[in-house]
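This is the structure I have questions about; it appears just below.
Letters A, B, C and D mark the chains as written, and numbering starts fresh at 1 in each.
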Amino acid sequence: MTQDSTIAVIVNGAAGKMGREVVKAVTQAEDMTLFAAIDHNPQVQGLDVGTLVGMGEQDLFITQELEPTLAAAVQSHRQTVMVDFTHPSSVYHNVRAAIAYGVRPVVGTTGLSEEQIKDLAEFADKADVGCLIIPNFSIGMVLLQQAAVQASQYFDHVEIIELHHNQKADAPSGTALQTAQMLSELGKTYNPPQVEEKEHFPGARGSKVGEQIRVHSVRLPGLIAHQEVLFGAPGQIYTLRHDTSDRACYMPGVLLSIRKVIELQTLVFGLEKLI
Amino acid sequence: MTQDSTIAVIVNGAAGKMGREVVKAVTQAEDMTLFAAIDHNPQVQGLDVGTLVGMGEQDLFITQELEPTLAAAVQSHRQTVMVDFTHPSSVYHNVRAAIAYGVRPVVGTTGLSEEQIKDLAEFADKADVGCLIIPNFSIGMVLLQQAAVQASQYFDHVEIIELHHNQKADAPSGTALQTAQMLSELGKTYNPPQVEEKEHFPGARGSKVGEQIRVHSVRLPGLIAHQEVLFGAPGQIYTLRHDTSDRACYMPGVLLSIRKVIELQTLVFGLEKLI
Amino acid sequence: MTQDSTIAVIVNGAAGKMGREVVKAVTQAEDMTLFAAIDHNPQVQGLDVGTLVGMGEQDLFITQELEPTLAAAVQSHRQTVMVDFTHPSSVYHNVRAAIAYGVRPVVGTTGLSEEQIKDLAEFADKADVGCLIIPNFSIGMVLLQQAAVQASQYFDHVEIIELHHNQKADAPSGTALQTAQMLSELGKTYNPPQVEEKEHFPGARGSKVGEQIRVHSVRLPGLIAHQEVLFGAPGQIYTLRHDTSDRACYMPGVLLSIRKVIELQTLVFGLEKLI
Amino acid sequence: MTQDSTIAVIVNGAAGKMGREVVKAVTQAEDMTLFAAIDHNPQVQGLDVGTLVGMGEQDLFITQELEPTLAAAVQSHRQTVMVDFTHPSSVYHNVRAAIAYGVRPVVGTTGLSEEQIKDLAEFADKADVGCLIIPNFSIGMVLLQQAAVQASQYFDHVEIIELHHNQKADAPSGTALQTAQMLSELGKTYNPPQVEEKEHFPGARGSKVGEQIRVHSVRLPGLIAHQEVLFGAPGQIYTLRHDTSDRACYMPGVLLSIRKVIELQTLVFGLEKLI
C-alpha cells in the first residue's frame, strides 16, 4: 500500500491519556498515516510525537492550533479523519470546523449536548461529510450488549453484576445502566417473582433498573472494570462477561471508526451502529 | 385460546429421561395439548402419563404402538407434532411414518446417518411436511455459539475451557469441538503466537482444534456441564459461559421447535436455524 | 476390618431428603454399618431401607420408634451413633434419649433453642457421651470460611456475592450472613471508603452486614447455591467460591462427624470445630 | 511514633520496576523511613528519589555504592533493613555485605544458588542477623496455597487453571507448578479415575504435574496473571482464585517482610513462613 492511499489521521488531544494511545495505534496501523498531532497543553508544543508516547522519534511535531492543520489536510487531497479526545468545552467547535474543511471527525470526547449533536448532524448532512460520535469505543462491550439483547428474546430472567476499583464513586456504572436500559427497551418485563422476597438487610438484592433488572455494584481495590450479565432459566445459566484492564482495549474501536467514517456521509452515533 | 387451536403433541419415548421432561413441558404449555404418550417399555403400558411424571393424573394413558396414534392424529384434523426421543434403531422408521401421516417430527434421538437424513429430507419435501432434527436443544448454547461467531470477527485470540463431571470419558466435549469448528469455518487462523511457547509438561497448553483454537477439558466430581469461550485482545477479555445443571434446560428449545415445525414444509437440521 | 469393629449407625429421619442420602453414604462407608433406619412417616414402615433409597435390598427394615432401637444398640455392645434429621419438634427429645442410652448423636435437625443446647451440653457432660450439633455439614463451606478468616488478616477490603435459585425468599442467605459475621468478629472494620460513593439507584452497592461488609444477593432460575468472597488490595483480587449442586455434598461432613463423635465426651457445636 | 523508632530502609535497585514500588511503599509506611536509595544505573545518580518515582521531592538522592550506605547505617544506631531488587550477579555480594554490617536483608532478587543460600544462612546464623529470601512477595498467592493445602485434606480431586498474557512463553507457570508440588508433597495421589478417559485431541486434559494434578495453561492478550485451583467432590466445587494486575500487589508482602526480618536472627526462605 503506498503512502498516498492510506488514511491521513489528525489526533486532536494527542497528549491526553486516550490521545497517546491513539497516536500509537494509528502509527502502527498499515492503512493509516499520522498526519498531525495537536494538543492544547503548552508544555508539549514542538515535541516529537514519538518521544511523547515513548515510541522513538517520528519526525512529526505537536502543534497547538487545529485550523491550520485542517487547511493543510485539504491541500493534501487525501482522505483525512480527525480523532478528537479533547475537552467538553472545545469539542463542538472542533467538530464543526473539521466538517467545514471536509475532514471526517471521530469523536470520543464527552459533553456534547443533544442539541449540539442534532446541529452537527444537520451540518454533516448538508456537507456530505461522515461524522462519528462514539461514547464508548469498546468493541467487546458492544458485542456483549448485542449478545445480551439477543439472549433476552429467550430468557426472562437476568441480573447484572458490575465490579470496579473502589475509587469509582458512581454506582451502578454508566455501562451497566446502559446495558439494563437496552434490555428494558425491548418491551418486556424481566424477573417475574417466584416467591415473595424478604430483604433482611436493605440493598441485598441490588438496585432495580428499567424493567426490573437487578444491578449489583462491587467496589474493591484490585478490581479494574468488569461487567457480567447473567441470564437464567430452569437448569441453565448463560453468562456474558467483559473485563477491561487497559485503555489499549479501545484502540480496535478507534481504528474501526476511522475506517468506517470515510464511507459515511452523515453523522452516526454509537459504535454499535458499526458492528 | 380454545382447545382446538392448540398444537397436538405426540411424545414418542415418553418414559425416557428426556421424554418425561417433554411430557411435563407440553402439559404446562398453554398453546399445546398432549395428544398421546408412547413408549416401548412394557412396564409402563396403560399408566396414566401424569402419574408417570409425578404431575397428578392427566387421563391420558401410555400406549406402545406409534401408527394407530398417527392415524388418530389424522382423524383429529388438528396440527400435530411428534417429538421423538426413542432409540437410534427406531428413529428413522418413526420419522418416516410421521411424515407419511402428515404429522411433523421434532427429533431429538441421535443416530440418524447422513444418508437417512438426506432421505428423510427428500421425503419431507415431497410431502410438504416440516421436520426438525435437533442434536442439541439448548438455546443457551446456541446463543453462546452465535455470540462467539460474532465476536470472532473482532477478536483474533480465543481459547475454550469446558468443565464436566469426571464420569465423562471423552475430551474435549462434543459441544466444545463443535464450537471450535464453527469458529474455524470462518476462514481465519486464530492465536498468532507472540512468543515461542515452551510446554514444560506436555498438554499444559491444551489441545489444538481446527484453526489453532486451544481447548482445555477439566473433569471433576461436582461439576455438571459447563463451557467457557474466552476472547482476548490487548486490555480486554470477553467471556461467554454456559452452565447446564438439569435437563429442564432443553425444554424451551423443544417447545420452540414444536412451534416452528408447523410453519415449515421441509426438513431443517439444528436449533441454530431457528434462532 | 471385621463387622464388629465398624461404627453402628442409626439414621433417624431416614425417609427424608437428607436421611436418604445418609442411608446411602453410611451403607457405602467401609468403617460403618447401618444399624437401624427410623422414620416417623407411617407410609414407609416395614419397607426395606435399600428399596427406599434405590440401592437394592439391604435386609434392614424401617421402623417408627426410637427407644427400642436405642435399647437394642446398648445390647449390641457396639459403638453406636445416631444421625438425626427429623423435625424441630422432636429433635430435643431424640437427642436426650440417645445420650441417656450412651448412643452418640450427630444432629443435623434445626430448631434447637440456645437453652435446649445448653441443657443437652450439660447432660452429655454428665454422661460422658459425645454429641455433635452441626447446622451445616458442608466441609467445603467451612474450608471457605476458614480461608476467609485467614485472608482477612491481610486484606482490608472484602465483599460477598451469593447466588441462589429464585425460589429462595430470604436475602442475604444465612450462610453469607454467617460468613460476614465471622469476618466481623475479628475486631476490624472493613472497606474504608476511598471516595464518597453515590448510589444512583438504591441498593446498587448491596447490603451492609457487620463491620461494613457488602453482601450482594443474586436470584435466578438455573442457579443452585453459590457463594463468592472477594478480597481486594491494590493490584490483586483473592476470591474464594463454593458451588453446591447436590445434597451429596454434605455426606463427607456427616461421615466425618460420625467418626469424630465417638472420640468426644462432650457436646460440640459446628463442623468448623472438627476441621 | 518518633522518627527514631521507625525502621530505616535501604532500597537497593531503587530505579528498577520493583524498586520504585518499594520506594513508594516505604515512604508511605508510618513505621518506616527511607534511609537510602541505591541504584547501579549511572543515569539516575544524584536524582531525588521522589522525582524518580513521581511522588514529589523527598530530599533523598540516589547513590551508586552500597558499602558507604551500610557504614552510615551502622553509625545511625537504628534498626536497618536492606530491600534488594538488583541482579542475580550482585545479589550474593550485597546480602553478605549487609549481614556483615548488621543490616537485615529482605531479598527479592532471583538467582541465588542453593549453595549460596546455604552459605548466607550460616553467615546470618553466626552474625545473629535476620535475613529473608522471598521468591514471591504475593500474600494473596501464599494465602491461596495455604488454603489449597488445607482443602486437600478433604478433597481427593483437584485441577489447576492458570491464565496469563500471551507473551509468557513458559507453561505451566512457575506458581502453578509450585502449587501442584505443594499439594503433591502431602503424600496423597489425587484424581482417582472414574472412567477410562479418551483424549480425542492430545493435550485436552492438560498436563499432569506431581501426584496426578492436571494443570491447564491459557494464554491470551488481555489476560494479566491469574490462577484458579478447583477442588471437586460429589455435589460441590470449591474454587480458590488469585488475580494479579499490578506490581503494587507485592508491596504488602514487602512491608510485612521488613517488619518481620528485624525480629529474626537467622535466614528464612519464603513468604509462607511469615503467614
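Keep this in mind: a residue touches a chain if its C-beta (ideal position, glycine included) is under 8 Å from a C-beta of that chain, and two chains touch if they have at least 3 such contacts.
In UniProt terms, the chains line up like this: A, B, C, D = 4-hydroxy-tetrahydrodipicolinate reductase.
This is a predicted model, so every value here is computed, not measured.
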Exercise for review: Can you spot which option in A-D, A-C or A-B is basically B-D again, with over half of the contact pairs the same by residue number?
Suggested key: A-C
Check your understanding: Which chain maximises the distance between its CA centroid and that of chain B?
Key -> D
Revision key, fill the gap. Quick note, more Cb pairs in contact for C-D or B-C? It is C-D
Review point. Where the CA atoms of chain B average out and where those of chain C average out, how many Å apart are those spots?
Key: 38
Check your understanding: How many angstrom between the C-alpha centroids of chain C and chain A?
Key -> 50
Revision key, fill the gap. So chain A residues touching two or more other chains come to 222, 231, 233-237, 243, 245, 249
Practice item. Determine the shape of the graph in which chains are vertices and touching pairs are edges (line, ring, star, complete, other). Key: complete
Exercise for review: Under the touch definition given earlier, write down the residues of chain C that touch chain A in their complex.
Suggested key: 157-159, 161, 163, 166-172, 177, 191, 193-209, 214-223, 230-237
Review point. Mind pulling up the chain A residues that touch chain D in the complex?
Key: 222, 224, 243, 245, 249
Revision key, fill the gap. Counting only contacts in the complex, chain B reaches chain A at residues 138-140, 143-144, 146-147, 150-151, 154-155, 231, 233-252, 256, 275
